[in-house]
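What follows is a set of structures for review.
Same chain, two partners: chain A is paired with chain B first, then with chain C.
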Partner chain A sequence: MSDFEIMIDGQTVGASDGETVLTAAIRAGVSIPTLCHDPRLDPAAACRTCLVEVSGSGRLQPACAWKAQADMTVVTENPRIKRHRAVLLSMYLADHALDDEGLPVERPNGNQLREMVIKEGHAFDLVPVAAPRGNREDKNPYVQFNPDACILCARCTRYCDEVEAVSAISLAGRGSATTISTVAERSLLDTSCELCGGCIDVCPTGAMFEGKAPVHAPEAIEKVRSTCNFCGVGCQLDLNVLDGKVIKVTAPPPGTTVNDGNLCVKGRFAYDFVHHDDRLTTPLIRRDDGELHPCSWDEAISAAAAGLLAVKKNHGADALGFISSARCTVEENYLVQKMSRAAFGTNNCHQCAAT
Partner chain B sequence: MFGAGAMTNSIPEIRDAELLFVIGSNTTEAHPIIAMEMKRAVRNGAKLIVADPRAIWLTEIADIHMQIKPGTDVWLLNAMAHVIIAEGLQDQAFIDAHTEDFGEVIAAVADYTPEKAEEITGVPAEDIRQSARLYATTKHAGIYYTLGITEHTHGTDNVYCLANLVLMTGHLGRVSSGMNPLRGQNNVQGANDAGASPIFYPSYQRVSDPTAQAKFEAAWGVDLSPNEGQNLNQMMKEMGKSIRGLFVMGEDIVLSEPNTGAIEAGLNGIDFLVMQDIFPNETMRYADVVFPAGCFAEKEGVFTNSDRRVQLVRKAVDPPGQARADWRILCDLARAVGYPMPAYADPSEIYAEMASLSPKFAGISHARIAEEGGLQWPCSHVDHPGTVTLHGDGPIKGKGSFQGVFYRPSAELASPEYPLVLSTGRTLYHYNSATQTRRDGGLDAKQSENFIQMHPQDARRLDVANGERVSVISRRGQIGAVVERTRSVRPGCVWMPFHFSEDMANRLTNDAGDAVTGTGEYKVCAVRVEQFSG
Partner chain C sequence: MEKKGSKRQAVLDALTGQGLSREAMARVAELTGVPEADVYGVGTFYTLLAEPGPRVCQGLSCKLAGGDALAEKLEAKGTVHRVSCLGQCDRAPVSLGENNRLDVAGPRGGISPDNPGLVMNLAGEDDPSYPALAWARKMGGEAVIDELEASGLQGRGGAGFPAHIKWRAVRAEAEPTKYVVCNADEGEPGTFKDREIMLRRPQLMLEALAIAAFVTGCEAIYIYVRGEFPEETDALKAALAKGGLEDFEFRFIEGHGAYICGEETALIESIEGRRGMPRLKPPYPTQQGLWGKPTLMNNVETLACVPDILLRGGARFLALGKTEPGTKLYCLSGHVNNPGVYELPLGASLNELVAAGGGFVGTPLAFSPGGASSGVLPMSLADEPLDFKSLAAHGSMLGSAGVVVLNDTVDMAWVAQVQAVFFEDESCGQCAPCRIGARLVRQALDRYLQSGNPDNLEHIEELAWEMTEGSICGLGMVAAEPAVTARRHFSDHFGVRP
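Now for the complex of A and B:
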């Protein structure tokens, strides 16, 4: 439902009161480059890549923050805007780690600045900025920061303030030495940080990264969409698989699933258990020595069937109990109750979360 | 009550709420992503009322924190109902159209004045009044609760009290306005939906209903028992008595069930135990046969979340060694005892069989979810879009009934010998028996040992320092814990997580169960704290 219409690149687009030019454009399928924008955050207009021409303003204006108004005309692509972007990207390049080809270094989660430079080009080569951003040691294994890849868009600090609302990290310092830091440069473990890792997820350039994940090329990963196995929120997540192992977990884009692009510390980082050495890898059977010993599947299934049937024979079906699991799938719970009722003949079946 | 046990609203509706009443839920730690939606609602101007014995994170942004004494919820909630009725704030049109037996509640709460409630609950009468007024007079007001409400011997009474508030204010069947139990585990909702219950077949069809029995007998090709089974709490207490053989899938009952000592004695008393899990655990010490299973990343299927959303689990990697997906093991075991389980090619066929027998999920299939994303039940046919908000046209089963409820004290109260009231729960950094999370370096770095939160007054009286290891003793057992002095707990109350197998909090907890559900009283038991003694 729109309140009025605006014109974007010659296309009539419905917009509503309070809406920005950018969100109206996204809905109309018009692509405007951004680095600091996230639909979960208040607009910051920090990166300046989304500047467009709007009627009534002589200057270019940031689409992410400029409010749409009735009968407004917007131009997102013309020589003036392209020139602005090329000059802007030249300045970013002067303050960013570059590879041998002079492009922003690729990162495991991708680097949107690199993609933008490849697409838009740049105007000229500036003298590199000589004031390196500070960094700090952080003993936490999850959230790490690479100042050379940071463009100070503040998506991470704004996410920490506005979405996770713990304000553990902030912009620190002045001028070109500005960096991302914590109170008294403490480890995140010693701050209000809850290690949700949202800062990694929102970072457009890979400056915030996951300390324990291996370094890899982004395209080497197969992402498998699944549902988190911890609490009952049902967050959708992407298991990042490399060489048959889950090496990282990432969130689907905001606005696409029930978790709106968010994950918590467990959903994002607690995947080491999948490939842990302690996993049970063989059936076990208790033998006459009183100890559990590895055995074949056939022997384990036969022994389990015989043991449960013996109880049924001696004491009746209702002497058996079947405890199903709120951790397992719906189908598996269906099968446990079906087995309990149809194969063994008892309704003594309950899922583990019942007490 | 008014029908199905599930969130009546959806998680994305939380951000548009005008008022959130959070009771018995430490949402930022137990459901962090739902908490993000709550934080967003508060940023957008929603009022937040929190009722919790501890000053949890949400109380920092709450308008009112009712720091209730553990186990006195019925007093608090009845007093809120008392205020609403006394001040005429109820939604009489909704009550007349959609409910019955309101008179029962009027009579039941007549004596529950806020002033008397203050004496019992420790919550100032004025806070109770303000909360009741705000809740009753705000249009889009939702209640959010979890195990702090249900893990009591009067858990069902607590839920009735909340339902009474919902019904008398008409806060049902509207966006962001309803009654929302947040499920603790990934698939609690789905396990219930699938009939892992002693009284229900899939889709909440009663085993005692001859029509349902006949339907499942025809589908499964065998005679079925018409007798309701034992619930989990009963089975745990009957081990070695009427229960002689047990099959346990995906739960460490020794670590997770209340009163560990009694569980261990019961396991010693049964003839046969089969266990199916992904890690060795405490229960394995008693197992005769152990099946190694696949974790969620190693199999296909669906989980159903708190807002009734059925979503796909997809296989990303192979199970380790000879481990196998649980559904394959279950089919083999059933066949080994002579039951002809169909040759399901994959879990989508199992789901299809269940859906064909389940009116609530009849329209849901793996193929549809893959195409459209998660689907929320009820979803009665393939063209049904799923249901975002329950009870849009009034309570599901005809009229919602009020239940007059009267306060009963918790099963165990503080005494001279055990002067402190212990509540247990989950932390952000670990998950239940923690077989998964304690195997992650960062989480274990953040929280590596058992702790007990204690008010500085109590710590001074007991002469124990912050960081000191103490013994915590109840009538059932004794464990160690490191003291965390904090004003976030009430004087006289202590709090402890249950994640640590070397210091199992459930050695202390009381296995007295709710009369209806059998849920154990994890939230209230009496303990004393002493200098550490091994």
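Now for the complex of A and C:
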């Protein structure tokens, strides 16, 4: 349901009160470049890539923040906007790590600035500005930061504040020396950071990146949607698979799944077990020789049942206790207590996340 | 996201004198409930917090008067920070010592001789009975605003926005909590007029603030004084202590070394205890300003005009102007005999102003009419009115009326470089065109001055175009103006030091 209509590039588009030009444009299939925009965050309009012409304003205005109003006319492509984008991108190139071809470097999570320069072009080459951004050594294995690939769009700091309510990182310094920093440039391990890695997901240029994931061409990756099994919330995650191995976990785009693009430290980073040598892939029974031997599920369940029933028979049901795991679903946890109470007759049941 | 019960507003005060160590951050975070990294982000934004201690001015007027030699002398004695503006161009060259008090400085600059016919009359005496406030109370808020409208008073902070429109807008807001803010963050190189009002006629401004609070129904009055002006804060407090305005709640906020906090929304962010990064507009402060409430913000000089407008009538004020309403405080420095602050009819020319300031030193070549932001103009415009409209028509602006005169001994490329250093230092860094552009422009000028090769300046005009089109606020929009206008008007004196 729209409240009124606006005109974008000659196309009539419905829009609602409070909606931005960008939201209306996306719905209408009009593409406007953005770098600092994230639907979960208040608009910053800092990257300036989404500037468009709107009726009633002589200045170019940011589509990500400018509110749609009845009978507004918006132009997203014309020589002025093209010139603006080309010169702006030339400036970004002077402040970014470049590859041999003079394009913004490839980054582990892709680099949207690179894609934008390839798509929109730039006006001229400039001498790099070598901004004095410093560099923070961080011993944590998960979240790393490369200031040379940072465009200061502040998505990471705004995400950390507005979505996670953690504020472990902030814009620090001023002017060309502005950078992303923890308090007094400490390691993230030494801050309020929960290592959720959301800053990596929101970073458009891969300046925030996962320390342990190998660098790869994004095209080679197959993304397999899965459900995180560390707790019962059921966050959706994308296993990034290369040559049959999970090399990284990313969150599905915001707005598409229950977790809205968010993950916690376990879901995002604790995937090493998947391919670990010590991982159990079959049930084991300890036989008379004292060693664990592989067996079938039927054998394992029978052995467990026999053992539990023997305890109940010799010592009574309350000699038994059942503890289930936070990694089980609600339904599985329900079944464990049912088994405890109804099948074995004891109230000694607990779940590790219930305290 | 604010944590429940946090006292963000207290962050900047709590950071003062603490340094930026981890321990200090932890203390301030504990005290205020604001996360440590956030506190650090705020602290590193403000130079008086990040780099406290003595400072020496490297602004244009100071450099013309031997600022480099002074800097070297002070550096030989100990640590001193080189900064781009200390707001004392008439006393150049200057340095600040401990607690941001003036250390080295020339004699006080000139002012217009005592003349009761003037509006602000810096040489006059304050009237402690606050007669204009009494007038406002008797006649009511509408009458005050009508008088402001009749006066044609335009904002003196730089933009020239009609004062009555803002006053009326805030008065009309139904929201019960509203604020009045006085912008005394004067930091535009070449500008030191608000300083003189605060030192010489503090009551004019305090009285106007009380009138503004009365007219708009505001809860509290905030006065944001630049951190390098402790004496001015003292003067205001002393004037207030004389009594007469007890019905109004005045709160003083000291700046912490960031020119951008003169921009109204950055100033609001700063009062709230944040990094001074300008907000997106709309909403405008009159709608959603301090803590989201309707806020009336005016410049010191705008306010200082109000008592006279009420007491002697808007029509008289209007008629005092030459091309635009009222009188204006023009700051004059650089190559002139008597730098200072002169109150002249708005629309006076450069030649008239310099006549008030004792004449030129040497053969004048160029002038900057409204601070660094206004770029530079040729002497062929010395008889043009220094007002909002005509200067805009010449691609410049009246801005803060910080007039700097340059004679033919200067290299205009060097002038542009000095101004470019200021803008690079003072960019808040929020938006890319200004953050990267200001540095690109400064570096290009550096390379040009070192090599003499004009290829280094090849893209300056195009960068300037994008900075004007693409920047969020006025700082980025004008940051390349000195370079562009110096090239446009002074090809003969660009890169040449005769």
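Note that in this section the second predicted complex is superposed on the first by the 283 of 355 C-alpha atoms of A that agree within 3 Å, B and C clash if a C-alpha of one lies under 4 Å from a C-alpha of the other, contacts with A are read in each partner's own complex, and residues count from 1 in each chain.
The working rule: a contact is a pair of C-beta atoms (placed from the backbone, for glycine too) under 8 Å apart; a residue touches a chain by one contact, two chains touch by 3 or more.
Because the structure is predicted, anything quoted here is derived from the model rather than measured.
K.L.:
Once the structures are superposed on A, label A:Leu242 by its partner contacts, choosing first (chain B), second (chain C), both or neither.
P.N.:
Neither partner.
K.L.:
With both complexes overlaid on chain A, does A:Pro283 touch chain B (first), chain C (second), both or neither?
P.N.:
First partner only, chain B.
K.L.:
Once the shared chain is lined up, is A:Met7 touching chain B (first), chain C (second), both, or neither of them?
P.N.:
Neither chain B nor chain C is touched by A:Met7.
K.L.:
Under the stated touch criterion, which partner chain does A:Val311 make contact with: chain B (first), chain C (second), both, or neither?
P.N.:
Once the two structures are laid over each other on A, A:Val311 reaches chain B alone.
K.L.:
Report for A:Val224: first if it touches chain B alone, second if chain C alone, otherwise both or neither.
P.N.:
In the superposition, A:Val224 touches chain B alone.
K.L.:
Just to be sure I read the superposition right, which of the two partners does A:Ala97 touch: chain B = first, chain C = second, or both, or neither?
P.N.:
Once the two structures are laid over each other on A, A:Ala97 reaches no partner at all.
K.L.:
Counting touched residues of chain A, say whether chain B or chain C comes out ahead.
P.N.:
B
K.L.:
According to the stated criteria, A:Glu162 is in contact with first (chain B), second (chain C), both, or neither; which is it?
P.N.:
A:Glu162 contacts both chain B and chain C.
K.L.:
Using the superposition on A, tell me which residues of chain A are in contact with chain B and, in the other complex, with chain C.
P.N.:
Chain A residues touching both partners: 162, 165.
K.L.:
Give the list of chain C residues in touch with chain A in this complex.
P.N.:
1, 3, 20-22, 25, 35-41, 44-45, 47, 50, 258, 275, 280, 424-433, 435-440, 443-444, 447, 458-459, 462-463, 465-466, 469-472
K.L.:
Can you list the residues on chain A that touch chain B in the complex?
P.N.:
139-142, 162-165, 189, 194-196, 212, 222, 224-236, 239, 241, 244-246, 257-260, 262-267, 269-276, 278-286, 292, 297, 300-305, 307-312, 314-315, 317-355
K.L.:
Hey, which residues of chain A end up touching chain C in the complex?
P.N.:
Touching chain C: residues 43-48, 51, 59-60, 62, 65, 80, 83-84, 87-88, 90-92, 94-95, 123-124, 126-127, 129, 131, 151-152, 157, 161-162, 165-178, 181-184, 186, 191-192 of chain A.
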